[in-house]
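A single structure is presented below for examination.
The chains carry the letters A, B, C and D, assigned in the order they are written, with residues numbered from 1 in each.
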């Protein structure tokens, strides 16, 4: 295990740029592609993935949406605000009698990045471009004209693989600031007896969200976190995964390995590699289940809401074992 | 086919009450149950459902969320409002330079009943009670304390069955105001060669949403619609389905069979039977696919967002064939 | 009265540009000014304005904020959405008993341009610049860094003058598409016996909002409207008024006098002249009162909400006679 | 000065009830009144109030609306969320070129009690009733059917009086938990040389908001605060003021004098006396100005937004001296 903070400064902006070029997949699926690595999700693979359902147990990975969430307002991200348009108390008070119906309706106001979420390929930019070379100016107040989450509406299902980092290390959770390097990933999947396949949905657990369930969110949103080191971009690129999701706020290790770029791994994988990234996935129950029977693969269905022009989406991912 | 409007007045409030009592399942799954017919979703059935994936084709059933939606403001239901917290145009203008990151974030404000949606069991009340006999006053401005959509977070997947009513009748779409009776359902599933099983997710197509795609929404939200007649509550009860969803605004035929109760079928199936109901599902692409190869069953995954206290949820259901 | 539509095409983009330059006041109040013509509001003038209070009758000019408003969704402008965070029905149901308090709280979601409103000087741009030459890129997703409505927080009061165009013409309301030219303004103020003074708040009535009260909003928001002709920019510039407000959606005549520029008058007066503009003011009750006693001047107090970075504000203006 | 906390427990629920009955004014202005003490605002008094404008200096009392506000989420109260519907950065990126207009629009989502605000008479209930005896069940999810803030639209202006408590005591600010009793009020107005008149708008400064400007909000929203003791309800009742506003979150002293009722003073003055109450008024600049020339009276204009069914309103009050 790395000494906390020892990784800070081990990378530079130049390293990020080199890796970005090395992992860049622009044009690989045509000039007008907006799906990136979700192209790896093919009907054949989805059909094969369904065979990983054995017991039929469904495990939901979305955290509750409400004022109890982790956000503290940074970048304008608030927790979801849930209000009612009609209530049972109104019904009891007779306010709905004229309708010949008694009912409740409700409303939600939420930043699409505030809880368990998918980042669309229009979420992170790189040197004036987003995935596949589209100009960032295609994302204005009216939403994303390219790489919107809407395009993913029928792609977010397939074989899921849990990579349980702390379980392999024999700890309850990785420590904030602890990076996961490529050999760590190799060791973990080997220990689990899994072979990563093209088109897999990789769920990488650090245990941090589980710790927050016990101790409160603290500075989970934007603070120090265990997570992926920059070099894992190359590993993931090689593995041809469809998407990656973690149980942390921002997938990669915080503080980052360089202070010259904020969230450098994001710069490489989203706009350059075209990787769909999930964050704030609650992997605790799934990890316990996988550990119990030693099966780390499952069917995974995590449909994004088809938000027109959306640069992300809340999601309640299902792991079906 | 019924003459338009001939059904209005064929039922009374008394009929609704009789049927409600006949279909009432309170206590069947314990005094503290909040799931109703989703109890029919068992691991065994989910495992069996996964075998219905053959080609691996994923078909998404959620309509786009945005200002293009069907709502016209009735009951306070507006179309989703999508705003941006950060944009590519900001990035291009240099406004994000201090962050060492260029990115886009967004926000959504939406009634949870405005587009493709699940109704929670706290959505419709009956004589001061909701599902399982809970007092309606448990649903206040703070949300539903019982029967919230949150409880369904790991239940909304299983075997899906499309019942394509217009295809059986050889028409493009049922007409607004055209009721579907029990013999119609019997004939349709027979024509499709399907046997409805306990725990199925029944998707009943009228074709109305497809017509709106061509002609515009018009008064789709709350206006005349083809749909389920009151007696189908008894049919669905007997069939022990897990949930029912349609491609209309309100599942049941509009105008209703009685003017004494607004949406009488809802009164029977949601608070009394404990049936989870889905609405505004886009079944057009799915129907075309089923018609092509004659397979009307598939794996269905439609996870609700885990909204704390929510009485419904937007959803992008996946039919995986 | 002009023939409807006869004015369309009487102006060109070149005319707009000439007038913009002629009326441009950049630098007049210093390089860092953000107030424009609100600089004409001086303590002396405010003190003098207070003397126009005679009877003490207060007339409110703001239309009700709610779903009954005029918006139809264009440019993302919806009507205000009012939801409750706590209600009397909750209180009656006992849901607040633990608080030792029974109460109601509420919430509003509204475009700041949706109802009676002030446009901030950051609302309209001209050739890449806004008022006083500031770059438009200072207005990003985080709001306006310059010319925000916040800067006007202690300036929006002074002498008000009603210019009642239809009353002068002896009609109930000007017709949609009917332009008001400089001689029309001259004639109106002369008929009223008023002399426009530096720092006045000019409220120009067309009667259109009154018609909508009777007939419904129709296409009030963005449709044809009576209103100010382009040349009035010059008239207002000469008059050195502090602000101008009307009872229409967009102050100027619709359709515009040129199709080459949308809302050409706005281009001249907001970014170039630095004029604060109000719209959707309900001037009906005020007009009746002024007509009754022949006094068209009054004390005017219309404080904008101090929205950080706001490019406009809802307002309930008071005319105090 | 009282010892901090010494007042807690000096009153009981019974005392609150006695005072409520003593101050109750139901029916005084007719059975269908919804204005309460705002009935004291008469044209004659407004006309007289205008004479208090001497120098013409306008001082705005509203705090900025944005994420910098005092709220911390309690009771669902968040700080205002300001988003943009169109921006200058969009304009610069060419996204608006098709409109022949470049512009910015914005949107606000805010609890109406989150910043400088008026409480409507439908905000606080008492034993199942609100002001004038109306049933609390008239306030449901659709808003207040009686005592809505909308009814005050043309009443919130008149003579303002600043009562500067800390200045009289020679301190910068009253301490959190320090109560203001009737003799304190008497002493303060005497020291200022003011006679409170029927229909006055009383602005009572504690200095707490000024301290927060220096030190940050801390627990300003709902925490300990200097403020009005319960008995001041009687004093205010006798004084026949039109409204009272303070620079604290909740006007009355926190902790309260009794633990049996939360915010007991509110119970007496809002539902029973019919007093309109303002909170979170920024009185710092006004206090400095009054202290400088010894004039504590001024013209006051604080129009609420005419929110349909609103139980409160944000406001930017103007003191015009």
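Note that in this section contacts are C-beta pairs under 8 Å (C-beta built on N, C-alpha and C of every residue); 3 or more make two chains touch, one makes a residue touch a chain.
These numbers were taken from a predicted model, which means no experiment stands behind them.
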Using the touch definition from the top, list the chains contacting both subunit A and subunit B.
-> C, D
Same or different: do the copies subunit B and subunit C touch each other through matching residue numbers, with over half of them shared?
-> same
Check C-D against A-C and say which one is joined by more contacting C-beta pairs.
-> C-D
So, what's the distance in Å between the C-alpha centres of subunit C and subunit A?
-> 46
Cα-centroid distance, subunit C relative to subunit D, in whole angstrom = 27
Multi-chain contact residues (two or more partners), subunit B = 67, 76, 81, 83-90, 92-93, 95, 107, 109, 137, 140-142
Complex interface listing, subunit A residues touching subunit C | 76, 81, 83-85, 87-90, 92-93, 95, 107, 109, 141-142
Spell out the part of subunit D that touches subunit C in their complex, as residue ranges.
-> 41-51, 53-60, 62-68, 75-77, 80, 82-89, 91-92, 99-113, 122-126, 128, 130, 135-141, 143-144, 150, 153-155, 157, 260-263, 266-267, 299, 301-312, 314-318, 320
